[in-house]
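Quick heads-up: structures coming right below.
Two complexes are shown next, each including chain A; its partner changes from chain B in the first to chain C in the second.
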Partner chain A sequence: MNIPYQIVVCGGVVPDPLQTLEPIATANGPALKNELLLPHVLDPWSAHALYEAAHLARRSAGSKVWLVSVAPKTKLQQVMMTIGQRVPLELVAIEGPASGFTDAADVAAALAAGIEGIAGLDQSRLLLFGGWESASRAAGATMQMVGERLGIIDQFQGVDELSVADDGALRILERIEGGQHQVSVCSGPPVLLGWATGNLPEPPNHPQIGMQNMRAIMPALQKARTAQISGGARFESVTLPKQQRATRIVKDKPVEEIAREIVTWVTAE
Partner chain B sequence: MSERPSMDVDIVCVGFGPAMGGFLTTLAPALAELPSPPQVVCYERADGLGFGVSGVATRARGIRQSFPNLDPAQIPMAAPVGEEKIVYLLDPIGASRRPASLRLADRFTRRLANRELQAIELPGSPEFLHKTGGLVLSIGQFNQFVGEQLMMSGAVQLWPGVPVAEPLIEDRRVVGVRLAEQNGQPGMDIRAALTVIGDGPFGPVGRRIDETFGVPGGFERNEWAVGAKMVIDLPEGVALEPGTVFHTIGYPEPEIFGFLYVHPERMVSAGIFVPSWFANPVRTSYRYLQHFIQHPYLWRYLKGGRLRSWGAKSLLESGRRGEPWLVGDGYARIGEGSGSTNMLTGSGVDEAWTTGIQLAQGVIELLGERAPFTSENLERTYVARRRESWVEREGRIAENARDGFQSGFLKGMIGMGLAGITKGWFTIHQEPRPAAETLSSIEAYFSDRVPLKEIETIREQCRATGAPLHDVLMERSGWPPIPYDGQLLVTHQDALLVGGKVQATPGFADHVEFLRRELCETCLTQVCVEMCSGEAITRKEGGAPVFDREKCVHCGACLWNCSRAVDGRTNIEFRAGAGGLHSAEN
Partner chain C sequence: MDATAVRPHAETLRTLPGDDVRQIMWRFADRLDLQMLVQSARAVARGPVARLVANGARSTHEWTEQKALLLKEFDAAGITGAPLEPADGGYIEGPKNLALALIAFELAWVDAGAATGSLAGCLALAPIHERGTAEQRQRYTRLCAPPEPGEDRKPWRGAFCLTEPLPYVGVETSLLGGRVRVVEWEAGKEPFLEVDKRGRFITNMGFANFVTAAVDSDDPRIKGTCMVVLEETDPGTFDRGTPTRKLVHQLSSTCDPVFRMRVPADRIIGGYTVKDGIIIPRYSHGEIIEAVFRRTRVTVGLMTSAKLLSAVEPVIRYQRDRFRGSSAVSAGSPRYELGLQQKPDALHRLLDVWATGEASASLGFTAARLFDELEPVEKEKDRILAGQGIHGGSAAFKALRKVQKDALEYLELRRKPVGRRESQRFEKLENDPLVKYLLLDSLASVYCPACKLWNTGHGANMMREAVSLMGGYGITEDCPGFLGYKWMDAQLEATYEGPEAVQRRQLSVTMINEVFLAQFRGWVAEMREIAATRPGTGACSLATAMQMWLWTVQHLQVAKDADGAALYQTNRQGVTFALADALCWLLSARSFILDVMELEQAGPQNPVVAEGLAGTVQFLSDLCHVQTARSAGEAGRICAELVYGYNRHPAWDEEGYKGCYHMDELMALESIIPGLASMATDVIESDGSHPAKAGPCAKCEGLEPFIRLRTKLDGCLTGSQLAKDRAAEALTKVMIPAALDYPA
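Now for the complex of A and B:
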């Protein structure tokens, strides 16, 4: 049975983790030093959700993918240059802060309002995707609140796999402790899935997808509404984990030897 | 492999650097006025528009022409050029290979002035070197700024992470480009009425055009340099005004010029240029850069600083002599790959941007006339503008300005001064030779410092471990080991990860290929290994070089450094590849 799903993916943007990230205190609370200077990427957890959505949409004829994002427009635009080439999607852009130092409830409210504004959305076909976690905030909380606002009762977090049975039932694998999965079967939409890493690959760049997407992405960015998002909680202090680098790049080294070296290094500290 | 897909657009652009920025910034507003604007797409190899590598001090004439009300504060890391100094750096450790005359002059100056003298700030730097009224920029940040403006215009599409493999040529007319193959799928053909080539001096599209259509008489591309640079957070309490510019000469080797540019927010770019006419066959730019920043004149500012990012890039220093056919049926070339860099003034961004403006003006004229993009029409509207501009005038003055360096540092400096002061009337002319001919053998270069037998032992040891020779030979010839502090002085590999953040997008083939492996196996110099900016080329056991795509910064230096020239070309092919440096601060 083919179901033309309406897959809505919630996904924010985060500073590219490969850049130099340095927390600082500002009058408006914690922030990253030179945050506007940093290139951004789609939050990696949301990216997994988006790629899973793209694969599912390709398998289910008539399906469509929306990406609903609360982010600064300029950063979202930059991220779209990469994402827009990979997944056929319609963007719902909401102007707002990308930093994780925000109130998850406000972000959830902005996302839910953005989703409710999508014309022709049909709850009986709706799959709401997002990241289980986030590189900038606890997305599990955000996604749960988005689902509650939209009245979606069936919610799954830490999802690694979604398959559709012949009768349209959804079989969902959720991560649980010890590297195990909990298997759930749900009769069908509406359903909320907070994705862990999924298991399908990142789609390659495709120039035609890019050309098609960009026709709608730019107008979506231009008409983005500004969300009212408060700082929420007061942050007493923010620090990055302490790290010490000792890098050596080697190839084809036996795992046992690498493990032995790491143990020697750790015990010598 | 599945069937090759194809797509039609009106104008396809290759490479998003300053030249393409100038082209698209000029073109986009004009397109918005047209009733049915042409579709314009630009493909860039790097993962992001800001992942190029360069920090520049530029006069920014072209940039200001495009953005007359430009406020540098709008662009992160930008500042108006303030104080400019040319500084001669003396050798504080005695390892630098200065010619006898220079050593004598250093000794005399120290005796006359001060035994502890480490640097001389030269009074009254020549006008042609000045960047007065210009900007200190991070090209990465500037590209991001330009890209954002362009995307918001909606008139053009910019797609990073898409390497272009080659031009599509039919009946001696360029009809578009072919994208690189990914995941075993054939690259898409993008067919267009006009192909704008701004893929730099070693881009595969530009080089294929030269191979197919030939090059003008007098064309040569023998002068190159590796530019290597660090972006550094200054320690607290260091007072350097944003916009301050130091140009340095003399150290770590006389052939290696350096710079320090001060950005806002206590950041600086510090870097060096290692030129093709420098005879050392183990010329590792990263190691020299580490010695450069530790020179006492600079170290007083940088000590205690922190490495933010690092990168390297090849610069084509042949200037106007490296100018290919600028246009042909269906294509036009702009920027560094079109021979616009001016090596007398040490300026490339301003010239590249301006050539982009000139082409855009020509294209707008042709769109208005509804005229096709033929060689004649592009010659009339683009090349004519370029020939009448300051880019051409100043390029001609610079044409032979640096030839003297072929015979040594002092002769080079005199030749440059003469050319600058007389506006090119007097120069010291000497035909530049390719790197393969100017390089010494390792034995010859180190003959005065390391016994032949020891060189042989070092070579054998390095062959056995696959390690490069440069660290061992430099330290054996007097350079002190680098005192790693884990912050600013870090290993080359850590610089790649902490600073350059090198990425290699999966699914693409190796872009560096050794053409005739038997030549590499018997090569005793293997400059490709020694100068590789990312340590991506290493020796495998037995001695032949191997390439690791995941460590390549795409500096392109292996292409022109190879000492095994065959039939007028080196033994290395540098094809289209994705990824490379992943830092937006350079």
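Now for the complex of A and C:
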């Protein structure tokens, strides 16, 4: 049974993780040093969600993908130059901070409002995707609140796989302890999936998809509404994580030896 | 220039210039297609290309399965399709020189062999694109188009075969070893040709499905030279040959092929006519090559620019981390935090590398944009001339020669204030496509060889400097940023598609075109105007250096050497080539200044750029100042050598004595003009002895304007080292990423 899904993916942008991310205190609370100047990428969890959406949409004829994003427009535009060449999508842009120090509830409200504003959205075909820890830098709460606001009660978090049965039922694998998955079967949309890494590859780049997307992306960016995101939470202090990057270049090392070294390192902690 | 006029901004560079800054400087902020192309090309460069290099793929010159996978990556990224028209499977509307330049830049940021490989397909198609018949264009561009989304088709790859083997090493526009002859010609039917060609250093040859080959007639029934298309399935020998044992650009496939094939005559690129039983190709191989290389050389120049700019981040990281890990250097100490950046020499040398990279990138992208602007104008020119029954060659040259007067008049009118020029005439000339063509063509004919020559030649020297800044690490395979490889690669870029001597030769002709010189004169005033509001850029010293270069060109065109021989003439390469070198320094510095001005003006409209704009502009202006001072110094040195160097130095002989005082005579004059003796340097003593030096000092008569300019230029360097110190200070503070974004 082919169901033409309406897949809405929520995804913010974050500074490229290879950049120097140095917390600083500002009059408006904590921030990252030079954050606006740093190159950004789509939040990695959201990126997995988007790629899974693209694969599903390609398999289910008539499906469509929306990307709803709360982010500074200029940064979002930069990110769309990459993402827009991989996934045919329609962008719903909401101007707002991408900072990790915003309140997840405010972000969720802005996303839900953006989704409700999509013309012709049909709840009976709606798959709401997002990263399970996106938008609030690992608070893990945003997608859940978006779902609540939209009245979607079938929610799955830490999803690694979605398959559609012949009768249209959705079989979902969620991460649980010990590297295992919980298997759930849901009769169908509407459903919310907070993706972990998924298991499908990045869709191939294609410039013609990019050119097609850009015709709608630029107007979407221009008419982006500004979300009221207050910040909400008060941060007592912000510091860098204690772990340090220690890169070694080792060539031709057997896999078994690498695994043994990792186990030794983990158990020594 | 008065250094006190320079009031540096308190802001300093916060992060390395990002995409938003580059899009403004290199003028593609409004081109979303190009911005996407940059991102996808970068993903290939810093992903699969970098992994290949890191895994040692450069250690063999063989074309391997791993290297071949890059072709699919190029297809998916839009690199293969970028040169094609949308109707033929491409996706970029209009001229594509800037697009190709950006691809080359992004790929060469990691590995220029990958850039060369990606562009070689474009080079193979270029003769067909530029001069092919409509049928040829349609067939080969569609075959080469990458598959559409969901389409399962293997695109064709091409190779451009011009260079020939020993004993004819390389390329000559007038000599060709490859031969073509008629083997079958039935009355009223298409003739069949046999093509006999041996190639050398042919890129893409390891996998090419077709070849565009340059050949000469070996048959009285074919006139002159031409280029033909050979397909791998044509009858005969299509031997890809042995891989070239090159030391550089190992990610591209390069072989020495052998062809002996039978093809229909309609494979002659551009077609042919038959007159009195003789096949006359529409275009000679020289005409096609000129049209092709004119554009593609710009991309080669930009490959070296990318290397220089890519060196900045790894060198800064190396300098800062240099002493970390030593038990004698505690965290938080200046030595720990700054490492080698505690010492100004390390900073100053890196600034020289960075400034060269900026100036060469600015020059290269200016040239690429110029060709984009020229392309439609050139087509319009061809259309107009065709309407007059003129189809290229000397007839077109003569027709355009007549328009040159109009172009010069237009430039003269443009210099005048709006109210003081004849507006109707000005508008007429401004809208004249032929005038516009002459103006743009005169610039393109200078910028292309200048970019190829300076970016790669001086760039290779500066890459050595970049490698040296990494110490012994620089010449290992593990050097972050692959700087050692890049240094080697730069030498190839200085050589292929026309080595440095070819570029100097072309410049020596095009740079004395009156239309170019008239525009150049206008740029002197332009630099002074910029200097009036932005003295910190060094624009004033550049203006003086440009004036000096102009004076020198004019002087050398009429001056004679000590033996009475003309100085500025074709075979006097000691004069013409050196002046070409000097011009390149000036053009690159000017392009850099104009790009920084663009950033300052357009930056505030982009919130991301605006955030750190003051500091970025301050730093780049200081870098401009450093570069203009160096450029002015180089140009001044070259001009002085040429202006003075061909005069014979006076000797202590009868002729030389004529310009000297004799002691007796001087004493007599001293009694009339007290103090005169103390000012006389060349005095012949009563016993005939003279001061211990080469001879009486040279008089330099007629060179007074030059002497004044040279003195002025030296003074114009005021403040340039202060700018360098400021920029060096910024280098110690700029935030860089935690790690390089590609493996090493």
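General remarks:
One rule holds in what follows: the second predicted complex is superposed on the first by the 246 of 269 C-alpha atoms of A that agree within 3 Å, B and C clash if a C-alpha of one lies under 4 Å from a C-alpha of the other, contacts with A are read in each partner's own complex, and residues count from 1 in each chain.
Everything below uses one rule, namely that a residue touches a chain if its C-beta (ideal position, glycine included) is under 8 Å from a C-beta of that chain, and two chains touch if they have at least 3 such contacts.
These figures come from a predicted structure and were not determined experimentally.
Once chain A is used to superpose the two complexes, chain B occupies space that clashes with chain C. When both complexes are overlaid on chain A, the residue A:T20 reaches chain B and chain C alike. In the superposition on chain A, contact of A:G210 is made with both chain B and chain C. Judged by the touch definition given at the top, the superposed model places A:A220 against neither chain B nor chain C. In the superposed model, A:A112 makes contact with neither chain B nor chain C.
Residue contacts after overlaying the shared chain place A:A93 against neither chain B nor chain C.
By the document's definition of touching, neither partner reaches A:M145: not chain B, not chain C. In the superposed model, A:L192 makes contact with neither chain B nor chain C.
Looking at the shared chain after the overlay, A:A57 reaches neither chain B nor chain C. Clashing C-alpha atoms with chain C appear in a single stretch of chain B, chosen from 97-105, 403-411, 439-447 or 529-537: 529-537.
Comparing the two complexes, residues 16, 18-20, 34, 36-39, 74, 78, 81-82, 85, 204-208, 210-211, 214, 218, 245, 247, 249 of chain A contact chain B in one case and chain C in the other. By the touch criterion stated above, chain C contacts chain A in their complex at residues 14-15, 18-20, 32-33, 35-40, 43, 76-78, 81-82, 91, 148-149, 478, 606-608, 611-612, 735-741, 744.
Those residues of chain A lying in contact with chain B across their complex are 16, 18-20, 34, 36-39, 74, 77-78, 81-82, 85, 204-208, 210-211, 214, 218-219, 221-222, 244-245, 247-249, 251. Interface of chain A with chain C (complex): residues 16, 18-22, 33-34, 36-39, 72, 74-75, 78, 81-82, 84-85, 204-211, 214, 218, 245, 247, 249. Every residue of chain B that touches chain A in the complex is listed here, in rising order: 5, 7, 9, 39, 41, 47-51, 76-77, 141, 144, 147-148, 151-152, 154, 157-162, 179, 182-183, 185, 188, 190, 265, 308-309, 486, 490-491, 493-494, 497-498, 501, 503, 507, 548, 551, 582-585.
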